[in-house]
Every structure is written in C-alpha cells, then in structure tokens.
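Okay, so chain A shows up in both of these, paired with chain B first and chain C after.
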Partner chain A sequence: MATVDVTRLAKPPTLAPQRLASLRAALRTGRTRIGLALTVPVLLIVILGPLVAPHTPIEPVVAPYASPSGDALLGGDAIGRDVLSRALWGGWSVVWMCFAATALGFVVGIAVGLIAGYARNWVDDVLTGAMDVLLAFPAIVMALLFVSMLGPKLWLITVIVAVTHAPRVARLTRGVTLEVVHSEFVEAAEVIGVARWRILLGQILPNLSTPLLIEFTMRLTWSIAIIAAMSFLGYGIQPPDANWGLMINENRQGLVVQPWGVLAPIALIAAFAVGVNLIGEGIARAMGQDDTLAYRELS
Partner chain B sequence: MLAAGRRRALRRHGWLVRRLALGAVTLFLVSVVVFAATQALPSDPAQSILGRGAQPEQLEALRQQLGLDRPLVTQYLDWLGGALTLDMGNSLSASNTSVADLIGPRLENSALLLGITGLLLVTVSVVVGVLCALYRDSPADHATQGAALVANALPEFVVGTLLVIMFSTVVLQWLPAVSLASDQSPLSDPKTMVLPVATLLIVTLPYLMRLVRGSMLDVLRAHYVEMARLKGVEERRILWRHVLPNALVPAIQGSAATLAYLAGGIVVVETLFNYPGLGSQLTTSMGVRDLPVIQACVLLLAALYVVLNLIADILTVVVTPRLRTRMR
Partner chain C sequence: MSVAEVDGLRVVIAATGDDIVEDISFSIESGEVLGIVGESGSGKTTIGTALLGYARPGSRIDAGTIRIDGVDLLALDSLALRKARGNLVSYIPQDPGAALNPALRIFEQVEEVLAAHRVGASDQERRARIEQVLGEVKLPTAREFLRRFPHQLSGGQQQRVCIALAFVALPKVVVLDEPTTGLDVTTQAHVLATVRDLCAKHGVAALYVTHDLAVLSGLAQRVMVVYAGRAAELGPTAQVFGAGAHPYSRKLVAAIPDPSARREFGTIPGTAPSPGARPEQGCRFAPRCEWAVERCAAIVPPSVGFGTDHRSWCFRAAEVQASSAALGAAAAPARTVGHAPVLEVEDLHAAYGDEEVLKGISLSLQRGECLAIVGESGSGKTTMARSIVGLMPNWSGSIRVDGQALATRARSRPAEVRRSLGYVFQNPFASLNPRKTVGDAVAMPLREFTDKGRAEIRVAVGEALERVSLPTAIALRYPAHLSGGERQRVAIARALVTEPKVLICDEITSALDVSVQATIMRLLERLRSEEQQLSLLFVTHNLGLVRSVADRVHVMHLGEIVERGETNQLFEAPQRAYTRGLLADTPSVLATPTSKSDLPARAQLAP
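What follows is the complex of A and B.
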C-alpha cells in the first residue's frame, strides 16, 4: 500500500491539459491577437518574399535614390537597387538567426539553471558566479566585442547572442527550480530512487514551462533588437547581400530624398519585434502572470 | 551596550566587505574575458589588426608594440597593470595619442548623456508608474500601458531612426539628426542631445514604469495597507508613509538594471547620432581594430555595470530593515 501511495505522489501534477487551455485563453486576449496579426504577415514576407520579389536583391535597376515608380514600387536604394526586392529578401537572415540564437541560449540556460538550482552546493556557486560574469557585459557590447575580433560570421553572431541569453535564462530557471525542488513530488521521486536526470527533466522541467514560454517570447524580442542592431552597425550579413538592419544603415543618407529605403525595413523589424512581444504579453496575461513580467530582468 | 553596537556594526560591514569583494572578483573575471576576446582568442592579433596586405616588418613591429611575443600570462598581467594605473598605452589609429587622452573627453560626454537620461528616466517612470497604479484601469492607465507595450519591444536604432524621420528630416526639421563636431562638448550645442536622450528614454521608460506600477499594485494589495485603511488612517498618509517607501524598493534595483542596460544602449544610439561618446568611440575603433581603445571602452562599460549593481544592492539593503537584519 505504502509504495503505491509514494509512486502516485511521485507523478508530477498533470499540467498538460490545463496548459493547452491557457494557450487557448491566450489566443483570446487582444494582445496575442494583435501580436499574431503583426508577426504572421512578417513571417510570410520573410519566407515567401524571395519567391515573389520582382528583382534580385543585388542588381541595380534604377537610379540611386530613385522615387517609387513602376520599375521599383518602393523606389531605389543608395546604389539604385530595388528597395522592395531587398526588403523581401532581407528578412530571412534576421529571422533565422533570431530563432536559432534564442533557442540555443535557452537550451544552454535551462541546462545550467536546472543543474545549479538542483545541486545547491559548490556547483551552484560556480555556475552562478560564471553567469554573473557574463551578465556584467551589456549584451550588445559583448556581442560586438567577440564578433569584431573574430569576424562577422553569421554562426558566430548567433552563438554569441545565445551566450548573452543563456545567463539570463539560467537565472530564471534556477529561481523557479529552487521553488519546485522542495515540493513533495520531487522529494517522493528522490525517495523511490528515480534517476537524477529523470527528476530534472520529468518532474522539474514541466513546472517551468509557463515562465519559460513567456521568457522565450521576451528573449526573442531581444534577439531581434541585438541582431538587427548588429547588422545595422555592419556586423551582420555583409554587403551586397540584403538585410533589414543593413538596409537602414545604407539608405540613411538619402532619407530626405527617398525615405522608403529606410521606412520599409524599419516597419518590418518593428512589426516583428512588437508582434512577438505582444504574443508573449498575451500568454502572460492569460496565465495570470502579468505581474511577474513587471519584475522581469532587463536585457 | 557599546560592545553589542560595535559587533552589530562589524556584522553589517562584514556583509558589505563580502559584497565588495564579490564585485572585485567579478571585475577581475570581466577583465580576463576582455583580454581573452581581444588578445588571446584571435590567432594573430597583429595580422587581424593590419589585415592581409601587411608587410612582415609591419607585423613584427606591431607584435613588439603590443608585446604579443611574450607568454599570455605576462601579457595579461602587464595589460591589467596598465588598466589599473589608467595607462593603456597608445591608440593604434590616432597616432601618438594615449588611450587615456582619447577616451577621457568621450567618457565625460557619455556620462553627461547617461546622467541626463538617468535623471529623467527615474523621475518620469516613478511619477507615471505611481499614478498609473493609483488610477488603475482608467483610460489614461490603459493608454500608457498600451504605449509601453509597443515602445518596450522596439530596438534603439529603430526608435532613433523614427525620431530622425519625424523631427529632423522628412516630416519636421526642428532638431539636428547628428552632432557633427566630434571633438566639441555636446554642451556647446545642447540641441544635439535632445534626440539621443529621447531615444534612450523611449527604450527604457516602459520597463521601469511597469516595474514601479507592478510593485505599487502589489503593495496596495498588501494586508498592512488594508489594516491601515481599516484603522481609519488617512488615505494620503497611507500612500506616503506605508505604500511608497515599500513600493519603491524594487525600483532601486530596476533603476540600476536600466542604467546598466543603457551602458549597452549608448553604443547604438551614440553611433546612430554620431554623438562623441564612449559608445561611438567603441564602434569606430572596432571598425579599424584599434585594440587598446576597444579594450579600454569595453572594460569601462562592463565596470559601469558592476558598480551600478553594487550600489543598487547596497542601497536596497540599507533601505530595507528586513534585509538589513538578515544580512550578517
């Protein structure tokens, strides 16, 4: 009898159906709807854009800073390339790097946070200390430092941005782990001898899913800010290839004559960043975690 | 009595000493990371500075100048010693200018930018956050929160460029889009500071304002506030005596976090507006791979973060009696 009771205790509370319900509730919030209305079109442009673009992103088709015409619907850029085509081509690198950097940062951050929070001994001290050192660099400074030294390779930027995410995710994960680790179901699992990694992945991780899901959208927004800013500063995709951040920098001088070269990429970046953020805010609201967002970590 | 008092003082200082030591260790490790990224990781820094077309003699001379032929540990200790005595050698791009001379005025300009922004940021976000919490769910609160949701997600250079479009080029021509005189103090033409400060404010206000509003709402719901109300304490006294002092404690950490974030934010904003500060110096130096200047700028920006967090931690403990007694 006793064993039966303990094994039942050892099961984590079944959260899955509840979680799906909350996601559906998130879809009903105005924030998530507006967020999706902004994000989905941008993603469609990013994916389908290269297929429907009237020109390649690198061939000059009109005069530099030409006004919008039949040849170039949004006018020409600094050297006469089609702004519309470059905007259609230029999102892919921004978007895949954002997703890859955020995902990688999450995998590393969750692993470190879980281990640190569950260990609660010198391992915790060492990991937390290492994360604090990484946190001392403003994310953009850290990214610029390594990329300017090692060269603007796209995988490198992705990895570095992930490195700037990891300590922040680790801190969140560790905090929630410390809360969960004393619950009865974890103690029960320890008592009946469940392997440590199974406890971490099977008992503790599921309880982190809500805060982590919200954090993911917030981190994704930061990725967009950093990666677009990096390419704006010239440490992203290299000319002549198209990239939204790069486009803004290239066409800034002609702002007065031909604002579309700057406005088009800015609108796309803004819609994507604001959209993703609103989706996260909606999820947070639906799951009753509005307040925690106010206290979340910056950067 | 006296002995007890002294012991208590010692205890408090013990905590402070530990916190300061932790800050020092963090700074030391930060310097290791900066050194590793600039001098240890690139296989040949001299080659990466001069580029592929460099002559062997040039490379050799630069290796000599940077001391790259010595063991890494010696290089690091030398470099750290230089950093601690503010002698970081000479800039590689601006000939015969020491890093300290190059960075000094820029540091002042950045401090000015950060100071003005920080002052406005804390004042505005506390006032607006408190008002939003007191008039929760009013139309004004909803409008503010909505605007915050949008501004919160926008990258600095997007906000900055939009401001340039609105106020200095396409729509209106009120303010200068860039400050052109790079060696003049921005104070000689204060107009050049308006857009950089506005950009940094728009990017950071939503975070701090929401934090203040959130912590106000938490405190307004607390039992001791309800208790005071039930006892018939004046509403104004409740606000000033019970709510604000407690609600604003998280704002200390939040302000420090925001200012620390701005240490990164100024890199983009200064470059965008050509503002002669530490951040624009960093991107310029990165463009020409001016190693000593890059190292100095990054160290300063990271140190700013560590120091701000240290101050915030100490302030938080000082104003929170609960923490003050718990800390031994």
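What follows is the complex of A and C.
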C-alpha cells in the first residue's frame, strides 16, 4: 500500500464550495446590494440605537406632539416623549421576535417536511394532513385568538407566528425532499446502512439549503408584517415600553400635527421588510432558483 | 454530389471567445452517412447543431460557411433559417422522450411539422404522407396508434417518431445526435437499420454524432474523429477504424471493448481538455500522445492525405498508419477461479406492483470470480442487483452471503453483512452527493463500519483514493469539480474502502466515454489482481465489455436467466436463440463495411 502524504490532505480546497460562489454571485446583483443597503442600517439602529439614544424611551421631554427641535430631533409623541429615542429603542423587540419566530418555524417545518418527504407512507399522510389543517387558519385570526385567551405575552406571539410558518416551510421542505429522496446518493447511504436521521440531516438537508435560504428571507418578511401588526393592535409589547408597531398606533391621531411619530417607525419597518425581500430575490436569481419564489405566498 | 458542405467552421463561447470547435471542414454526399466521433467535450454536438445554423445559448458561430443543397445557412435571416430547418436540414435528438411534446398525440406531432412547412395541399394528402412516413420508420399506421400520446410508446417507438418527424418534410440533410444512446442493443440495431435505409432510399445525407465508434461501423461510410474541437482524422470508416493514421483514433478504437475477442483495453492517459483549457499552440492531442515530438507542441499539424478521401491531422500520420501496434490485440489473461461460493441467490422473485420483474433467479458467485449478468433494459438485471444490496422493498427467495441468509432491506441486515457487499451505481453524476466532499463520500462506510478516529479515517480515505489512482488532495473537492471518470472512481473507492467480499457493479460505465470506460475497467482488473478474494457481480448490457472482463456470463431475459456459461464458450457457441440475437445486434468495430454497397444487412427489421 502506498503511503499517504497526510500534509497534502490538510491543504485548503483549491476551489471554493459552490454555495459560497453562488452567495458571492448574489452579492454582485443589484437587488442584493440595495437590500443590504436597506437592511444593514436598520439592524445597526436596532442594535446600537439604545446606546446612542439621547433620552430614555419612557420619559416625557417635550410637549405632546411638539415639532422637531434641538431637544427632540424628530419631535415629541402623543405624551411628549422623544420620537427619535423611542424609534431607536423600539426595534429590538420587533426584530428579535421576527428572527425567533421565523427560526422556530423553520426548525419545526424542516423537521416535519424532511420526515414526511422521506417516509412516503402513512407518516407522510398524517404529517401532511396536520399541516394542511394548520394552513386553513388565517394567521392573524389564530394569533388574536390565542393572545386574547392567554394574554399579550411576547413569547406567545413568537410561538404563534412560528406555528403559522411551520406548515408552509414543511410543504416546501417536503417538496424538495421528494426531488432528492430517490437520488442514487441517498440509496448509496441506504445500502451502507446509515441511520435514517443521519441520511436526513447529512445527505438530504444540505441539498435543500438553497431553496430554504430563499424561503427564510421571504418568511422573515412575513414575520415582520404580522408582528408589527400585532403590536399596532396593542397585543405586542405593552406601554410604556417602546415598539415600532405600538408607536404607529399611539401617534396616529397626531399624524397631521406631528407626522414623524408615525413616519419614523413606518420607514424603519418598510426598509427592513423590503430589504430582506430584495436580498432573498437576489440570492434566488444568483442561484438560478427564481422558481422557488413561486412558493412565496404572503397569505 | 455533396448536399452538405461545411468549410472552416469555428464556434466560440460568446463571453470568452474560446473556441468550442475550430477549422472544421467536411462535405456529405446525398445518401451518405458521415459519422462524427469524439469524447464528451470534444465539440461533436456543436458541429451537429451548427449544420442547422444553430449555436447553443452562450456560444456563437464565429467563422466558416455551411451550405446545404447550395444554400448558405449562415447568410439567412431568422425567418428563412426557420423555414430551412425541417425542410432542408432536420434534427433527431438524443432523448426522444424529452423531444416529443407530451400533450400532443402522435398524429398531431407529425402534422405540426407538415403544417409548419406547408407540405401537402389537403388533409387527405397530409394524412397520406404521415402514414407513408410512419410506415417507412416501421411504425403502425392504425388510427388507434396515431391517437396515442408519447408516454404510451416504448423508447424505441418514440425514437422512430422522432425519425419520422425529421424525415416527413423530405429534408436534404439529417443530423442525428446520439439517437440510440438510451436504447438497448436490439432496438438500437433496428433504429440504425431504419435510418440507413431511409437515407439510402431518399438520398438524404446524414451527419451521425456519437461517442460510440462501434455503432458507426455498420452505419457510416465515412467518419470524422474530433478531438478538443479540431478534426483529428477523416476518412472511410473501415480505414479509420482498421488502419487509423492518427494516434487518437487508434487509441479510441483500442479502448472499445469488442464482443468478438477477449482483449485488454487500451487507455489514454489524462482527460480531454474543455474549451478554454486547451493547449494554445500546436496539436491539441500532443500532451496525451505517445507519438508526440517537439514540433507537435509548437505547430498545428497540417492534414496529410492518404488516397483520395482519407486525411489525418498529424505530423507522423504515415508512421502511425504503418505501425503494427495492433488494435488492443493483447488478450487479457483468463484467470482461474476458486470454488467457494461467496454469494448465492436462489429462486429470487420480485415485482413492481402487479408486474413480476424477476421470475425465479438462481446464481452463485465464486470467490475471486467475475460473473457478468447481461440483458436488455427491462430484463430485470438492475432489479436483481438492487434486491441483493437491499434496496428493493420486497422480494422472495433466498440470498446468502457466505452461507448467511440476508434480510430484505439493507437496514435490517447486520453491519457485517452490509460491509461485505459493495455497490457501485450506474450514474456517477447521481450517486455522489453534490453537497458533500469526495472525502466525506469515501468516509461514509468507514464511519458506519469502523470505529476509526478522524485522523485514521482521513488516512484511510487517502489510501482508498490512491488505490483508484486519484490524488489524495481530491478528497477536499466537491463532485461538481470532477469529471465523470473521476466521479466513478470515487464511487468505486467508496464501495471498496471497507474491503467488501463482493463488489456489485450496475452498468458502471454506461454513462462514460469509451476511453474513460477503458480506464475504469483496467482499474477494476488491477483491483481484482491485487485482492484475489474480491468477487465481482458485473451487471451490464454491453456484451463487448463482458467478453473482456467476465469469467462467466449469465444472460437474462424477461426476469429469467436464459443461458449461462463460461465467457468464451458462450460468445463462440451460444446455445439459445435469444443470446445469438443479442450477439448479432451488438455492433463491432472489428467488422467494418468497406464500401457503400458492402454495408451488412445485419439487423433484420422486426415487423
């Protein structure tokens, strides 16, 4: 047997994996760049905002609906708090809930979709049926129902939004799983006798990463919409804490007098949602997966 | 009279300007079939589509003229070109299943072509023409058949419909792009005979693009061998195959397994370069050529003529032609085999739904032996292999490895049994996970069957790769960066890394070029001689391969083994009519027609 030069094995790959190359290609598209230009500043505001805010979000510093001044750069809100400071403080709860809800929905949805797609027997029927039942409930109605029963708790809203994501993610995952489950590379692992869960996670899941990554950005947009809406309706974070959705509601009566109280949170939410969406489309185009956009149904 | 004339054709990749094919010139006479052969990436399909005035998206025809029946295709505008396609020159694709519109009935498919070219004045006239052309391609013309959809036809029938589509508007030239690749030998022989008869009858010139030299031997009067986008040799089929004047043609011919003799495969070191990676100066074959001299690397060789119509683009063409390096004459040694059965199959039955695919198969594989299972598609040979490795959800009968009976599914079998069976899939493009590195693929059985640590696995993977003649650094690559032959070697390394007793190879070379096939077969031979204990179950439809590698052969037909015997005995004195038919339908390079009139009427058409 020839001796093996182990040092050669340690050399880094000469060619970058395809996925990284595609992501780099995605970065070169105009959509992704605009998307990043919108999203990154919003995330910076969300994370660094509380550190640089001139005031706390809860102390009144000017007269109600005061116009922009040196004390309050974007004016005052309905009870005289600084709009700028509230906008800087108010993104955190929106953004963490969005990411948490989407991530949780993905973990559950991917697990269900993988198992259903690989099983192809009664397990598939049961899981697919259960997901279809969940899909039948309009998301916002379900959220309102549970929140009115259990109270406006942030974790509850997060879980409910995740539950509305899960069936859609499961459907997508099951669909793409079915495309690769008969592949010879899966059969090669079956012949060797690799455990089912290792085939699912090690062989099948990596092949779903592109459509799932695209779907993630689309689902994130949907999370933003529904979580901001819940806050607007007063079921999210409770006053006097700051939250973009809540700000819109609190200040909408003064829209004519002091539009900044409404415009600032709207602009931030819109920039974030549109930006995330553009990044997703950019990735989809770069990977030649425009068709997966067909799964996007913001119903 | 030449109806197709191509002169100085050059097709380039639009973005980079790298040539796909360069300086290609040939002509085809009416009624003649010209074969174009080359490995994948040689540009042969590009030449074929260029004859239709078409270049694939991303490429463009950069220079040259293409005249069909005196019409310069490249001077036509898009409307005139569209009219010319189908009328002057038509195309028969590789995959008939993908070329036919699944929503149209057979009659509608053919009529569409007639309507597009305004052939036939009335419905009756068109109908008559359709029935005539379907009759000519030996398809039924009954109303019931004309109303069928493509999916209700067999692969051979679908390809006949495609041929009918190509011939219905009476073109002057037909381009055939590997039209028999997906068909088994008998169907292939029938389809080839049909094409040959139609060309001769209607005086149509045909360009037949293929990687399978053997197919051309009974079909084409002349062949052009292309390598890396340039012509290597052009001449009468018999001369090019029998007394080639270019080292590359010689090597290609030597790489073809032939059913008429047991022989060692000639291999070509290295791989064919793709556009953009080809040598910038000199002969493109020079880096892989054992005849290469200094000037080969510097100057593009001009063509050297032999007689009137045989040319070779090689400085040493005369020497090459005169050399006595006979075509892979060295016979592979017959081997002696022990008599200890390692794999025993008894009365194996299997079915897909109600359709019984295996009807009681029994066989026994001895230690160190290579047993070939041959049969056409649909004979059940793959189902048998899948039952043995545990991929069929149910089968009945018994399969024993070293006397131990196997459970139905691989998952239910003990690790030690799974370890003793290695399986190599047909298609190396599908059997490796595109998102896993080569190292991960080869390590998979090691992780499953051994408790080696990371470092040990890495060493073992490196050794397994070296055994299949791959550099160890390839472990960090992804399959997308590998050629087909390299991928299949990785798949073999994966199957062999945990030292199985039996290696089951299911059509492992059918997706590969002949030169790559030769390398893979040589590799398997070497592995068998290194490891005397390794037994091989070799499933294939390629009788030529079987002749050269197998110790014994079983012939399968419709789920049963119809004949079994020692390889040489079975090839020289087949007992069953079915086996004789298979052998007769298998094309052979060693039997080539010498002139137009001498074409063998080997395959009698089935009604």
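The rule is short, and it goes like this: the second predicted complex is superposed on the first by the 277 of 299 C-alpha atoms of A that agree within 3 Å, B and C clash if a C-alpha of one lies under 4 Å from a C-alpha of the other, contacts with A are read in each partner's own complex, and residues count from 1 in each chain.
Assume a residue touches a chain if its C-beta (ideal position, glycine included) is under 8 Å from a C-beta of that chain, and two chains touch if they have at least 3 such contacts.
Source: prediction; values computed, not measured.
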Check: Which partner does A:Phe185 reach: the first (chain B), the second (chain C), both, or neither?
Finding: second
Next item on the list: Kindly classify A:Asn207 by the partners it touches after superposition: chain B alone (first), chain C alone (second), both, or neither?
Entry: second
Margin query: Quick check for you: in the superposed arrangement, does A:Leu150 touch first (chain B), second (chain C), both or neither?
Written below: first
Next item on the list: Please work out whether A:Leu51 is in contact with chain B alone, chain C alone, both, or neither, and reply first, second, both or neither.
Entry: neither
Item checked: Superposition-derived comparison: chain B or chain C, residues of chain A touched -> B
Check: Can A:Val194 be said to touch chain B (first), chain C (second), both, or neither?
Finding: second
Checklist line | Set intersection of chain A contacts, chain C complex versus chain B complex | finding: none
Check: Touching chain C in the complex: which residues of chain A?
Finding: 1-2, 4-6, 8-9, 11-15, 17-19, 183-185, 187-194, 196, 202-203, 206-207, 209
Note to self: Could you list, by residue number, the parts of chain A that touch chain B in their complex?
What the structure shows: 31, 129, 132-141, 144-146, 148-150, 221, 224-226, 228-229, 232-235, 245, 248, 252, 255-256, 259, 262-263, 266, 269-270, 273-274, 276-278, 281, 291, 293-295, 297-299
Checklist line | Contacting residues of chain C [partner chain A, same complex] | finding: 389-391, 410-411, 413, 415, 418, 421, 423, 425-427, 430-437, 439, 441, 444-445, 448-449, 458-459, 462-463, 466-467, 471-473, 475-478, 480-481, 491, 494
Margin query: For the complex, give me every residue of chain B touching chain A.
Written below: 25-27, 29-30, 33-34, 37-38, 41-42, 48, 149-150, 152-158, 161-162, 164-165, 169-170, 207, 210-211, 213-215, 217-218, 250, 254, 257-258, 260-261, 263-265, 267-268, 271, 282-283, 286-287, 289, 294, 298, 301-302, 305-306
